[in-house]
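Scroll down for the structure; my scribbles are underneath it.
Every chain is named by a letter (A, B, C and D) in the order it is written, and numbering of its residues begins at 1.
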Amino acid sequence: MQKRKAAVLAATGAAGQQFIEALYGHPWFEITGLYASTRSEGKTYAEAAKWFSSNPMPPEIARMKVGDVEKALNDVDQYDVFFSALPSEVSKEMEGKFGAHKPLISTASGFRYENDVPILVPEVNAEHAPLIRVQQQARGWKGFVVPGPNCTTMGLIISLKPIYDHFGIRRVFMTSMQALSGAGYPGNPALDIVDNMIPFIAKEEGKVQLETVKTLGKFGDNAVANAGFPVSCTCTRVAVIDGHMLSIFVETDKPCSPDDYRAAIREYNEACRKAFGDLPSAPAETIIVKEEENRPQPRLDRDLGGGMSTVVGRIRQDEVFGAHGLKYVALSHNTKRGAAKGEVLAAEYLIREGYF
Amino acid sequence: MQKRKAAVLAATGAAGQQFIEALYGHPWFEITGLYASTRSEGKTYAEAAKWFSSNPMPPEIARMKVGDVEKALNDVDQYDVFFSALPSEVSKEMEGKFGAHKPLISTASGFRYENDVPILVPEVNAEHAPLIRVQQQARGWKGFVVPGPNCTTMGLIISLKPIYDHFGIRRVFMTSMQALSGAGYPGNPALDIVDNMIPFIAKEEGKVQLETVKTLGKFGDNAVANAGFPVSCTCTRVAVIDGHMLSIFVETDKPCSPDDYRAAIREYNEACRKAFGDLPSAPAETIIVKEEENRPQPRLDRDLGGGMSTVVGRIRQDEVFGAHGLKYVALSHNTKRGAAKGEVLAAEYLIREGYF
Amino acid sequence: MQKRKAAVLAATGAAGQQFIEALYGHPWFEITGLYASTRSEGKTYAEAAKWFSSNPMPPEIARMKVGDVEKALNDVDQYDVFFSALPSEVSKEMEGKFGAHKPLISTASGFRYENDVPILVPEVNAEHAPLIRVQQQARGWKGFVVPGPNCTTMGLIISLKPIYDHFGIRRVFMTSMQALSGAGYPGNPALDIVDNMIPFIAKEEGKVQLETVKTLGKFGDNAVANAGFPVSCTCTRVAVIDGHMLSIFVETDKPCSPDDYRAAIREYNEACRKAFGDLPSAPAETIIVKEEENRPQPRLDRDLGGGMSTVVGRIRQDEVFGAHGLKYVALSHNTKRGAAKGEVLAAEYLIREGYF
Amino acid sequence: MQKRKAAVLAATGAAGQQFIEALYGHPWFEITGLYASTRSEGKTYAEAAKWFSSNPMPPEIARMKVGDVEKALNDVDQYDVFFSALPSEVSKEMEGKFGAHKPLISTASGFRYENDVPILVPEVNAEHAPLIRVQQQARGWKGFVVPGPNCTTMGLIISLKPIYDHFGIRRVFMTSMQALSGAGYPGNPALDIVDNMIPFIAKEEGKVQLETVKTLGKFGDNAVANAGFPVSCTCTRVAVIDGHMLSIFVETDKPCSPDDYRAAIREYNEACRKAFGDLPSAPAETIIVKEEENRPQPRLDRDLGGGMSTVVGRIRQDEVFGAHGLKYVALSHNTKRGAAKGEVLAAEYLIREGYF
């Protein structure tokens, strides 16, 4: 297969760098364009980017010239696909201009809540992909825009999916303990985090609540009908570099014991393996269950499955909802599964299904 | 008033040191006895204790000789009251021997779940104090044993109290993010906490669930009837020195808006001021409400009210239970309000009410 | 004594808040003016300042109106003294305008390296104070500008002073491990500090090297002659909130054993007690020696002496310089001793000596 | 080449696990034996070891049975080489028993200071390897014991080596900021490390001072003559998971500018590439020089060269020794280069040179 020519928008920031790490050496994609703000124009990537990863910057990437994202539209024909790490504020205005011509896969929130835009997570809602055709028709676009969910939503919906499919869900309460990298760089001042935590993340709770019911919704009649259960969240920031931990309480429609959940996860993993096991970024196990009483832990478990597995632990019957209640914790790597690498997986799925 | 002569059991450990800090210079108590394990017998306190506080060890305390806790019963007549920081494992067996003769106020869990033992928090359940008379009669004791709740329970029950009294409670979900000092010293290895968190604390969830409904229960017919709502918790450990943060979701009987909760807190604070404002360790405000969107924070807010105020913030209507649902975060200083200083407040109340 | 009316310049920032903490309730000063950037003008202090301290903002201060620092000169007659926490970049230009009229005591570096300006630390170089008269004459000022040293210099010069006076110094090597608060707010991003440290602090090493020999210099002929030994530093930032730790190696002129140093410290403390013990901000012991092998530690020892004591530990004979070599570590509270509270002590000294 | 059969002693602890990570999948070695304390005997490795790495435990290793290290001597003929992570206290007594029969490579300190034992770091003192023959003869052993240096010594001697060879060294001052993993598990309590640092590590300074002059010594007349310069250290512990940072001041015999040092490093790297580039664990660059003013940083740079490169930065002319003085910082991965993986490199060298 000829590799797709990929351009990264907002390539020098933290999220853009994660796209580069997810795409570099990828069997299906070749990074041929890097775009950032006017300030970076004409510089090499090495000059323009403060590199955050402990993996060294790939030398070929380091030598590439960075273009001005404002002029990137002029080059639209040179690429097969755009990966966008644009700030959410500008994503809504800019991403559509690219989507009119080419596929654009995004970590930004600008398009997530549009009716004709799927928030695509293959293992959760591959069935939403045809909404892309609706989008193209409605907007007269040759390309499309497909965002992924917020990094906090990701671990929630993947861990809920086997419950929802087998037992139904009535209510969800979630408290997150989120990693610093979720705020980008510079993000939280160290003075706010050492011997401290922050029980607030701007706009995060609303995003998670909205995205959970949309991603778990049903596709039909050219639209997605949101899942019918309410979600309530409190989001907090803790002194962890990578890996969002979620404490989740679920009320189910049908009784669901911890072992029922474990069995549903095994079945779900098997189904994911069949459906997506051929995609290069798919992990061997979509959900890894940890049975040790004090796991998952961010530092030890966030990189399981190449950072693409959701790690679930402390599965217990809940004291409030009894046989209809489950509580557990879930860990998801926010800059891999919950951002760039998760989006690359979505792009792989769309290629395989012929969307580009 | 003649100062009560107080002995501290397990005086050299972290919890014992907190008793010393809470009692030193106290207008109603004088520390006249310090007891620890056989290993410390005969040493001065300065020799026997690795001092953790950033306040220097008081010189008079430093010079005191430490006795063997196994032989402390021989000295029982020298003291008016015992403050026990014994490990929970041994508290059940040992504390009763002292309680047979003298009042013993404890941070340990050994007696908490006995039917004739109140878990006494003046602002929550002063009405449970008469259970002490039941205890004395049933056991033929001249003294008594009164424990306080677990440090995590404390912030939960104080913040729930105004809700419970005004609106009734149907269900509670709580996720804690607990401080390191809650595990004593040495507690968690740094390798488990730097760039990490632990989503598990042994036995903590069961304790909190049990103690919440007991402390909020009604006293009548010489017994406490547990409050009638279920509580479900997930307890985690984060990289914070002091101050347990709780993320709480409550379903109420009657509708309760954030402003209703605020009003109930104001009324509650006023009632506490009237009832307990004369007690030396009582804070000016039992609950402090923070309206900034990112507060409370452990490092900035844990010492409010001398570490005795519960700090509530992020009060919101909950998306799941709607008008019957509240969510908020609460911060409580685990080694002050949630342990020694909180117990000293209980002792002050019992003195004022004539229990000793 | 009538309290001096004090105005704080740059009162809303982290350093300005420390002046407020050091001056509030002070027996000799009354805070009657607060100035900050134009953006804060007309707001109450509570509205204008994001308060960092875990001590609550004093209510009288909270209600004060903040003035525009650009217009503060108009009010110069209302105050007896100015305390300046201005950013170093603007301090050089602005502070002199105030100094022309009134005493201005500063934490900024703008004036530190001027020949007619003492970097005043009473316990180190009270004898430099007369340079103020030189300054007033040379510049035709009625007031004056007196800065304190950099927060990292402070612990170095106080711990060197007894060595220098008794044994002479040939060479000094110092590696600092500095606290986050030294960088102000927001300072270092948490992503750079969690599971990490930064072996660089902009301009810090040069400042420390210069200020050490100036503060330890001799005053004579209306000028300060720098001390005649070279100093070499490497400055680093670590995950500590407050308290700069220094690892120091000194070559002395005369032989100096650890016990010689201890004796010199005792004598020095005694001399300081006599000379400065009447000043409200002076600590009981200028230097506290910790003999435990693993002390001082920032969290446990930084607040000793109200944050004004320098805490020295691990005093050892050095393997390189032998009988002429000492090595030790020193801890100094960077926002108390090393900044506002240290400057307030200098102001107290200048009042007592009749400089204002 | 037939793979050497390797047994790991003390295989379940933190250091033993690092040997497993360094040896698993190694082209020259096969792990065929795992030994630990009696308590682990007969268990599978998965049952016996609390696994610390974020790389999952290799399944083949997980299934292996763990033997009792006290009985391992009985199996001595089954192995070609022993890798020992024994605690230093027991290493002296036990390692010799194995060394009598087979090569034993160790991270422990028990044998380091014996006259007939080289502390072998190929890039520093490959020429010391013949001391093994002296050892075998003197002790009548068929095997031998070869330890590596302390993890803190490693970054010091590698970074000094090009200076020593080109310019000579008169004096060295070093302050370390060491990672938590250097203390093993559980190591430092989190309560001692969050918002804190510890300016002391038991016995570390003496080890580093001794080992530096031994490893940089000259081999001749069947013995190593220590290098003739004194070293003085202060060792501290900071809140970093992996990666020891060293702040180093060196006085040289001949003048040495920062660029002289850079040139010497380039030459040294080239020489190492030629001499050791064929060894599987050797990094592409023995020393990596970082020119950014705030590098190296532990989290970003410790894994460079697979954790085997020493990363040097902040190279400056020193203010004390002038043209004869250099100061710089060096970062070395303490559990890779400074422990197991470094020892595996030494073993590779000894195989290539025919020592086993």
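Following the convention adopted for this analysis, a contact is a pair of C-beta atoms (placed from the backbone, for glycine too) under 8 Å apart; a residue touches a chain by one contact, two chains touch by 3 or more.
Predicted, not measured: the structure shown is a model, and the values here were computed from it.
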Mutual neighbours - chains that touch subunit A and subunit C alike: B, D
Chain pair showing more contacts of the two, B-D and C-D: C-D
Interface residue overlap between copies subunit B and subunit C, same or different (over half shared): same
Centroid-based (C-alpha) most distant chain relative to subunit D: B
Distance from the mean Cα position of subunit D to that of subunit C, given in whole angstrom: 42
Centre-to-centre distance between subunit D and subunit B (centres being mean Cα positions), rounded to whole Å: 48
Junction residues of subunit D - those touching two or more other chains: 52, 192, 194-195, 239-241, 299-300
Touching residues (chain side subunit A, partner subunit B) in the complex: 171-173, 175, 177, 192, 194-200, 202, 209, 230-232, 234, 236, 238-241, 245, 247, 249, 293-300, 313-314, 318-321, 325, 327, 329
In the complex, subunit A residues that touch subunit D: 52-56, 194-195, 241, 299-304
Subunit D to subunit B touching residues, read off their complex: 52, 180-181, 185-195, 239-241
